[in-house]
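Below, each structure is written out as C-alpha cells.
The following pair of complexes shares a single chain, subunit A, combined with subunit B in the former and subunit C in the latter.
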Partner chain A sequence: MALKVDSGDRLVTRPMLILFAVLVSLPFWIEAVGLYQYLGIEIVVWMIYALGFNLLLGYTGLPSFGHGAYFGVGAYAFGLIQLRVVESLWLGLIAGILAAMAAGAAVAGLISHRRGIYYALMTIACGQVFWFTSVKWRSVTGGEDGLLNVARPTIDLGILSVSLRDNTALYYLAVAMLGVTVIGLWRVVHSRFGKALQAIKQNEMRAGFVGYNVWLYKYLVFTLSAGIAGLAGSLFAMAQKSAYPDVMSLHSAGLVVMMTLIGGGFVSFWGPVVGTAVFFLARDLLGAFTETWLLWYGLMFMGIILFKPEGIVGAWQDLVRRRRSAGTAEGTGFLPRLRG
Partner chain B sequence: MDFILHLAPHLLNGLSLGFLFALIALGFMLIIGVMELINLAHGSLFALGAYVAMVVIAPSAPWWGALGKWYLAQPLGPRYVLALVVAPALIAVVGMLLEVCLRRTYGKDPLYGLLFTFGAAMVIEELIRIVWGSAEKFLQVPQAINGAFLFGGLIYSKYRFFSAGFALALIWLVWLFLECTPYGAMIKAGAHDSEMVRALGINLTRLRLYVFGFGTALAAFAGIIIAPIWGLRPHVGVDAVIPAFLIIVLGGVGSFWGAVLAGVLVGLAVALTAVYVSEWSLLSMYLLLIVVVTFRARGLFGKKSILEV
Partner chain C sequence: MAHVEPLFVASHLHKRFGHQVVLEEINLAFRQGEVSGIMGPNGAGKTTCFNVLTGRYKPDRGQVRFGGEDITGLPPRTIARKGVSRSFQLINLFNDYTALENILVALPEVRNRGFNMTQSLSRDSAAMDKAAAILRQVGLAGKELEPAKMLSYGDRRALEIAVALAPEPRILFLDEPTSGMGTQATVRLAELLMDLKQRYTMVVIEHDMKFLFELADRISVIHWGQVIAEGSPAELRANKWVQASNLGKLA
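Take a look at the complex of A and B:
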C-alpha cells in the first residue's frame, strides 16, 4: 500500500504534462466524440475536489465522509459574495476557500484526536450539521432551492478581461485552477509535511512517538483539504450558476469517496483524477443506455472494494510490475521474478 | 406546574420517538458489537423492509388469480401480521448475502467493511427506486392501531403509542435473548473476544452470518414500524441510518443500555427543541452528539473497541 514516491523532487512530472495536454486540448475534440463542453467543467471541478479529498483519505488515512459540506460552503460563500457584496471573481474564490477552511478548521478542532471509524462517524455527523443548516437557514442560503442566479464574473487581468459566461472560458479557468492544485499538492505530499502525513497513515501512534505533533498535522491537513474542496465548490457555483444543499448531502459526499477509491486513491496520487474521469464518463455513457446506471456503478464499487481496493491505478501498477518482472525473467534467465 | 403540564405531551412524544430511535439502532448495535462492522446499509435495509412489507400487505401485481383475490379480501390485520414476519425474514436473507460478500474484508482495515456497505446502501436505494419509483408511498396499518384518541383534552395518535410499545417490547425481547439464551451468550462472547470463542469450538463464521441476518431483520422490523409515521421514500434509509450510528456513538459502542438511553435522549432532545424551534429540531441530535463526544470520547457507556484503532 506504499505510495509511489519517484519523481517527487520535480515541479512538473510526465503524468502532469499528459494530463494537461489532454485537458487543454479537450474543448477541441470533446464534441467530436459525442460529449459536450459542460462535462469538461464538471470533471475538472470534481478532480480538484477529489485530489484535495485524497490528501486526507489516501495520504493521511483519515476517512472523511462529510466532505461535501466544505464543497458546499465554498459554493455558498462564492454565491453570497456575488449576490450580496460585489461581482468579483477573485474575491469570490478567496471567500469560497477561506469560508471552507474556516468550516474545516472548526470541525477539525472537534475530531482531530480521533481515528478510524470514529473519525468517519464524526465527520458524517458534522457534515450533516452543515447540510441541515443549508436547508433550513432560508434567509441566507435560500433553503432547498439554494442560491439562484449566481453570476459568472469577468476575469480582469489588467490588459485583458475575459467573460466567463462562455463555458469554454470557465473550463480553462477551472483547468488553470486544477493546474495550481496539482502542482501545489504534488509539492505538499513530497514535502516534510507530506511525509509526516504518510507516517501518520501507517501508524499514528508511532508517528507520535517519533515526535510529530499528530493532532496538529491532522488538524492542518483537514483544514487544507477543506480549503481545496471550497475552491472546487466556488468553481461549481459558477458552473451551475447556483449553490444548493444537495452537494452537501451524505450521498454527494459519498460520491467523492467512491471516485477517489475506484480510481485508486489508496495507492496513487493520480487515483482521484482517474476515478473522477471514470465516474463522469460512466454517468454519461452508461446513462445513455440505462436509467439505472447508478446501480451498476454501485455494484462496481462493491466489487472493487472486495477484490481490488487499490482501484484502477492499483490494477495498472500490478500490470506494469508483472510485465516488467516477466521481461527481467526472460532477459536474464536465472533471476526470475525478482521484482514481483 | 403549568410549565410541566405544558411540556408533558412533548415529553411523552419525545419518549416515544426515543424508543423508535432505539429500535432503529438495535440491529446496527448488534452488528457493530459482534462483528466490529459499521453497516451503512442498515438504513437501506430498513427502507427495503418497509417496501417489502407494503407488497406483502397489498400486492399490486395480479398474481395467482383467485388466490390473490382471496388474499386481498382478507382483513388487513392478518396481512399486516404476515408482513411483520415475512419482510424481516426476507431482509435477513439479503443481509446474510451481504455478510457472505463481506467475509473478504475481515481482518483488514474496518474501513473496507464501511465502504462496502456504503456501496450496498447505494445499490439498494437504486433498486428501490427502480422497482417502486421515487414517489412517496404509504404503508397501511390495521384499523385497531390506527386513528386518534382523546386524553386530558389533547388528541393523541394511537399508532404512536402502538409503535413505541412495540419498540419497547422488541428491545426487551432482544435483551432477553442476549441475556437468557445460550445463543445470546455466544453473541456476547463473540463481541468480547472472538478469537477465544473460536478456540472454544464455536463456529464463528456461522455465528457472524446469523448475527448479521438477525441485525438486518431488526432493521426491517424498525422500517415496518416507522414507515407509517415517516412515510416511504427511497432515501428514507439515510434518515434512519444517521440516527442509528449517532445513537451508537452517543451511547458508546458495545453497550446495550447505552444505546437505549442514547435513543431516548435523542428523542427527548428532538421533541423538546421542536417546542421552541420546530424547524431546527433535528439539528439538536447532532449537537447533542458533538457535545457529549467532546467530553466523553467513548460516548456514555462505551468501552475500548477495535474501532478506535
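Take a look at the complex of A and C:
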C-alpha cells in the first residue's frame, strides 16, 4: 500500500515559509502600521510558549492550567545565570530550558497518573507552589520585585558577535528560536511519538490496553512542553531585562490557554500561532480604543468556546472545506490519501 | 503423561467494591486453541471478571497465570505486551483516527518504537500493508480511510475486534461482541468469529446464547459472582443448574 508523501513528512512546509516570510519582514513594516518593534518580540516569545503548551493540550489532551510556572522558571534560571554566574546567551538558554524541564519532570512525576479535572487541578496546585516560591524565596528570586537588570548577552559565534541590546536584534534571535521550535515540534507531532500522544488523547484506556505505557508518554510530553516554556521564558527575561513572579501567576498561565484555544490548537498545529497573534493585536488595537479591552477579548473567548470550539483555524478549515465541497469525510488522521 | 497447564488460568479470584462482593472464588481455565464462552445474567460479574483477568482491576485475592507466568495485578499494558488482547462491551476506539490508523497504532512494531520523535509513520509501508490486511480480515476493506467515528455501528464493532487483533495476541478476550447489533450484522460477526476461531485462542462473553453455543468449545456460567457451571455446550444443556435458571431456556 503506497502512500503519497504528505506535509507531515516534510521538514519545512508552505505555512512555515509564509510565517517566516511575514516574521522576517515584520521589523520593516510594523512601525508603518502604527505598531512597535517590541511587540514583535512579545508575539514571537509567546508563540513559542503556546506551541509548546499545545503539544500538551491540543495533541495529548492534557489540560495544564499552571504552565506559567515553567515559563517563569525558565526566566528566573536565565536571569540567575546572567546575574550570578556569567553573561552568556547559550548558557542562559540551556539553563532556562533545563531548569524548566527539571521542574516539569518533577511535577509530571506527581500528576501523570491522573486525568481530566484531577490532572488540571494538580497542575494549578503545582503552578501555585512555584509562584509562591518565587514570591517568598527572596534571596534567590528577588521576591515580588523579581530579578532586575538581567543582561541581554551578546551572541558570540566565534568569528561574529551580535549585540542583543537593540530590540530588532533580539527579535531576530526570537524568530530563529521560533524557527527551531516550529520545525522540531512539527517533526515531533508527525512522528510515531506524536501519533501515540494523539492516540492517548483520544482514548487513554484503549492505548493502555494495546500496550502503551501511558504514564511515561504523559510524563515525557509534560517535561518536553515545560522545556519549551522555559525557552520562551528565557527569551522573555531578555526582552523584559527582568524575571518576576507575575508570569507564574494563574492569570498569566490562563493567557496561554486562551491563546491556544482561540487560535484553534485542538484542530491545528498553527492554532497557537494564530491565537497568540490575535491576542497581542487585540491588546494593542482594542487597547488603543478602550481600557477594557480584556473584557472584549474575554467575550470573544466565550463566544468561540460556545459557538466554535475549534477556534479561528477551525473556522477557516470549515470555510475551505465548504468551498472545496469535496464531500469526502476525513479524520484528523495522520495518513494522507492512499493510492495503489 | 505430564500435566500441561492451560494457556490462561484464574484461581480463587475474589473482587469486591466496598461491601459489594462482585467475584467470589472464581476458577477458570482457558486452553490453547479453544474458544471459551462466559455466560450469565446481567450483573453476574462477567465484565468485572474480564477486567480482573486483563489487568484493569487488581483482584483482592487469587492468582491469574498466563503461559505459565503469574500476571496477577500487572497493569493492562504489561499484560497486553505479553499477548493478552481484549475488546470492550462499549466500543472503545481512537475515534478521530481512521480505521487504518486505529490498527496502525496498535501494531506491536509501531508501539515498540513509539518513543521515536523523528520518524513519520506514514512512510512505513510494511506496517500499512499489515494494518490493511487486518482490516480485510474483519471485512473492512475499502474503509481504511474512514474515521472510526463515521463508521456504522456494525463496522465499529468489527474495528473494535480488529484493534484487539492488531497486537498479535496469544489470547483474545471479547466482551459481548454482538452487543447492540442487528440480525444481519450478528450473522456477519458470527462468520468472522468462526473464521478467527481457526487461528486464535478466544474467550467470549456473550448474551446471545445461540451464538455462544455454536461458537464455543467450552462455556462457564457465572452467577452472583461465582462459576456455577462449566462444560461443553452439550454438557451445559444437560446441567440442572443451568436448566433451573432462565439461562436453561435459552440454552
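Everything below uses one rule, namely that the second predicted complex is superposed on the first by the 319 of 340 C-alpha atoms of A that agree within 3 Å, B and C clash if a C-alpha of one lies under 4 Å from a C-alpha of the other, contacts with A are read in each partner's own complex, and residues count from 1 in each chain.
FYI, contacts are C-beta pairs under 8 Å (C-beta built on N, C-alpha and C of every residue); 3 or more make two chains touch, one makes a residue touch a chain.
Fair warning: this is a prediction, and the values are worked out from it, not measured in the lab.
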- request: Report for A:Lys136: first if it touches subunit B alone, second if subunit C alone, otherwise both or neither.
  value: first
Query: For A:His251, is the partner it touches subunit B (first), subunit C (second), both, or none of the two (neither)?
result: first
Task: Please work out whether A:Asn213 is in contact with subunit B alone, subunit C alone, both, or neither, and reply first, second, both or neither.
output: second
Message: Per the contact definition in the header, classify A:Trp90: touching subunit B only (first), subunit C only (second), both, or neither.
response: neither
Message: Contact-wise, after the overlay, does A:Gly8 reach subunit B, subunit C, both or neither (first, second, both, neither)?
response: second
Message: According to the stated criteria, A:Tyr36 is in contact with first (subunit B), second (subunit C), both, or neither; which is it?
response: neither
In the complex, subunit B residues that touch subunit A: 38, 101, 104-105, 108-112, 114-116, 118-120, 122-123, 126-127, 130, 235, 238, 242, 245-246, 249, 279-280, 282-283, 286-287, 289-290, 293-294, 297, 307-309
Task: Using the touch rule from the top, collect the residues of subunit C that touch subunit A in their complex.
output: 54, 75-77, 80-81, 85-86, 88, 92-98, 100-101, 104-106, 108, 110-111, 113-123, 125, 128-129, 132, 144-150, 163, 166-167
Message: Which residues of subunit A touch subunit B once you look at their complex with the stated criterion?
response: 63, 110, 113-118, 120-122, 124-126, 128-129, 132-133, 136, 249-251, 254, 257-258, 261, 291-292, 294-295, 298-299, 301-302, 305-307, 309
Residue ranges of subunit A in contact with subunit C within the complex: 1-3, 5-6, 8-9, 187-188, 190-196, 198-199, 202-203, 205-214, 217, 220, 329-338
